[in-house]
Structure formats: structure tokens, C-alpha cells
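Heads up: the structure comes next, in C-alpha cells.
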């Protein structure tokens, strides 16, 4: 089941071409990820300051289908996919609500590591639980 | 009467000190302004692409009282104040909801101009109406 | 021949994990692109306000190999590749200078369109010239 | 003596009004501050990860005199002023090089604290030294 996050395009998201700056689309996808973590009861303040484990993004890709404008209402839905005991992927689809059109699609891939050594480490159980909640 | 906008602190808002990057606090205040404009029926896409008038910010100031962390729920309230027929000011207060503490206060001052000549121009009536809605 | 752009990692680029926020890496790549355009004599102010043609990014992808920290000196090199008369691709490699290690690789794909109709249009000759300067 | 930092306006700095987004002007000023610290031999990676002391910004203000456009070359000069053994202020002036016009002026005020207790603490000697280098 997909998790859906509603996001209004802000002036700050746009650039001088009058539309959302391309890299900000990935930032909006990450917001959706954060919101889905919070909705699964994961405390982001604690999670991001946890010193025993970190889950950096190792890959991201995004396709831009239509421009997004300031004030647009976006529905960002995500689906998770665990790839191994230390790696997962998130697929995102961004829909512009008024036109009911898909405006972008993205993927982020995440790996769990031990921060000091930067060696791979098993995903924490709360993350595995969260991955199950939002898988296809 | 103040307009209030609810905002979750996102990972992107933070910096390597672990808290919200100072300039992003002003960007959050501007989001509150945009949301209040939208709530008054002002179409932001049309408004920001209007070529006959533009309302740049000429001054901003902000006081930081407490750090803000990823995941924090903020209540950003704003009060408007018309200063002349071509100028207004917005006062912002940011409250961290869980602790019920004020974390920042800010002011932005805006002037209405004709874009090409950059000379002052009367505020559009819809903006004057919006200013009345959210004044003290 | 690759174009190379030198960039210091700024505090604003980082997030609460203490390293560069993932989406900001693509923004740095775009800076390198802008700098290479300027070095080919293309006036960015004029270029980005040109109303007869626009060249949006239709795809971007990035691989993160190592974390980047505030103060790091990065060498961002790019190579262009024209794919048709209305489309091109840019490949980026980011090297952290002190360690002489590649920290990220990215690709952006761009399509030339007529803004109002959003139909494909031939790339302007100055862009074709620029593409030739920095191709493999 | 003022420290001067040269900065090209990037596409990412702009918004749909076609000019630099207001809050990004303060971020550019902070870049100038970082560059001046680095030029005084202060290692930013070490400095910002120092856990015994942190120097948050407690106040910022900025006046916008003229719009800034993508591609503009800016000269950001700063002057420091120590206000007490735990507090200092930085004044910034941003000049658009081609037109030789001041486009913005800003101030940031910084306080040195112990991170855990958030109580005031004496500025580190390397910071006091840096403040002396760039004072009026």
C-alpha cells in the first residue's frame, strides 16, 4: 500500500524559469519519506541523531514529466521495497492534484551503515517494520 | 487576528550543527505568508506571474530564541500591518508545539512596485483585503 | 574535453547527518553546468529569461560514493553529449580534492522546447557550440 | 579591514520572480563568513563538528536595495565586531560588480555557547583572532 503525502509548491521551490527547480523535486520526495517514517511512530529527531547507525542515500533518479508551479497541490505517493537485510529502495510518484496528472517519478536507494567504519549493517527492526507497511 | 500555519521541520531545513539553518527560518515564514494568501483566495500561480505588479521584500529581520530540530512541529503565526498605500509589514512568531515555546520571531517588509520601472505603485485591492484579514 | 568547476562545500549544503544533503549534490552539478555556459560566453541572465526557448531537465540520476563535509574542496568535471537536434546529456564526476577520491557521479538529460506549447524545438546554435566544446 | 568574497548568482538562488529569493541573500552572507574563517586557517569540518562549543546566530537582518539575477557577479564584503567575550556581530555589504551598485546589506549576530547546557561561554581564541583580522 502506498503512503501519500500532500505538499503545496512554495515560492522557494521555484527558480527563475518560473517552475520548481529540478533538484527540489527530490527534496520533496524525501519529505514524503520523512512523513511516512513519522506516521509509523519513528521519532525523526532521535532517529537522525542516532550515532550507532545511519542510512545514507546511495542512489537517486528522477524523471520530470510536466512543470510544477508555485501554489500547485502535489500528492506524493511512495512505495518501499526491501532489497536485502541492509538495503532498500523507495519509488515515488508525484501527481498534480488539480489536473490529476503525474508530473514526476523518482527512486531513492538507501543503505544501512555503521557511521564510523561506514561498513554495512542490518537495518534496525523499526525500519524493517516501516518497509513492510508501505511495500507494494 | 493572526493567521497560523503548521509546519514540520524537514531534514533539508537542518544543517551540520543538527538544527535548522538560520536562513531557512525566514523561508518558513514566507511559506506561512503564501499559505495565508492562498487562504484568502489569492491564486499564487497567477499572482507570482503577474507582470504588471510585483511586491518584493525590502527588509527582513529574525531573532532566534531556541534551536529547531528535524521532526519538530512548528506553529507559525503571522500578523499583517499596512504601512502606506504601497507598503506593508508582516510580523511572525514561531512556536514549537510540543514544548509550547517560542523559538523565533521575524519581520518582513514588502513594497509594491511596477516591475519594469521599479517605481512604487498602489497595492492591488486583493492584497489590501488580505492585509485587513490578518491585521492585529 | 571535460570542463572543471571548483566548489567549496558550504554549511548550507549540509544536513543534520553532518554531510551534504543528497539533493544538493545535483544542485552543485547544475552550478558546474552554469559555469561552463558562462565560460562559453553565454549570458545566463539573458539565457534564462529568453521567452522563445527553454531547456528543462527531463531526467537526473546520481550515485553517492562517499560523504561530503562542510569545507571540502570539490572538483566537479562535466562532459556533454548531444543526443539529437533537441536533446543532450551531461555527465558529472565529483572529486574531493584533498583525498583525491571520487565522491559522486551524476547525469542530467535536457530537452529544448518552445515554452508555451511545450513542444520540442531545435537547440539554439550557441548551445550546440557549447556542447561541442565539452564533449568527450 | 573588510574580507571580500566573490560569488556568482546561481539558478538555484533565484525564484519564480526571476530574482534571488530573499532568504538566500543571508545564506550567501554566511558563505562569505565561512570563506573568511577558512582564510584565517580555521578548518570548517573540524570547527562545525566541535562538540564543546557552538556559535549559533541569534539575530539576522537584511535590507534589499536592488534585485539580483542569475549570473550576476557579487562582491560580498564583511566586517566583524566583537561585542563581548562571548558575542560578536558581522556586517555585510553586497555589491553587484558589473553595475558597481550595492544591492543588499545585512547583519548577523552570534553567541558562543556550550551545546548541552546552552549557556554562554567564552569565544575560542582562534575566533577572537579571526574577529581581530576583519574588524573595522
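The chains carry the letters A, B, C and D, assigned in the order they are written, with residues numbered from 1 in each.
What we mean here is this: contacts are C-beta pairs under 8 Å (C-beta built on N, C-alpha and C of every residue); 3 or more make two chains touch, one makes a residue touch a chain.
All values derive from a computational prediction rather than experimental measurement.
Set against one another, A-D and A-C show the most C-beta pairs in contact at A-C. One rotation lays the C-alpha atoms of subunit B on subunit C, and its angle is 180 degrees to the nearest 5. Look at the CA centroids: the one farthest from the centroid of subunit C belongs to B. Of all residue numbers that take part in the contact between subunit A and subunit B, over half occur on both sides, making this a same-residue interface. Our note on geometry: subunit A versus subunit D, Cα centroid distance of 32 Å, whole angstroms. In this assembly, the C-alpha centroid of subunit A lies 26 Å from the C-alpha centroid of subunit B.
Our note on geometry: subunit A versus subunit C, Cα centroid distance of 23 Å, whole angstroms. Residue positions 11-12, 14, 16-19, 21, 23, 27, 30, 48-49, 69-70 of subunit B each touch two or more of the other chains.
If you sketch which chains touch which, every chain touches every other chain without exception.
Looking at the complex, you find that subunit C touches subunit A at residues 16-17, 19, 21-24, 26-27, 30, 48-49, 54, 56-64, 67, 108, 118.
The residues of subunit D lying in touch with subunit C in their complex are 8, 10-12, 14, 18, 27, 30-31, 34-35, 38, 43-45, 48-49, 69-72.
Subunit A makes touch with subunit D in their complex at residues 11-12, 14-19, 21, 23, 69-70.
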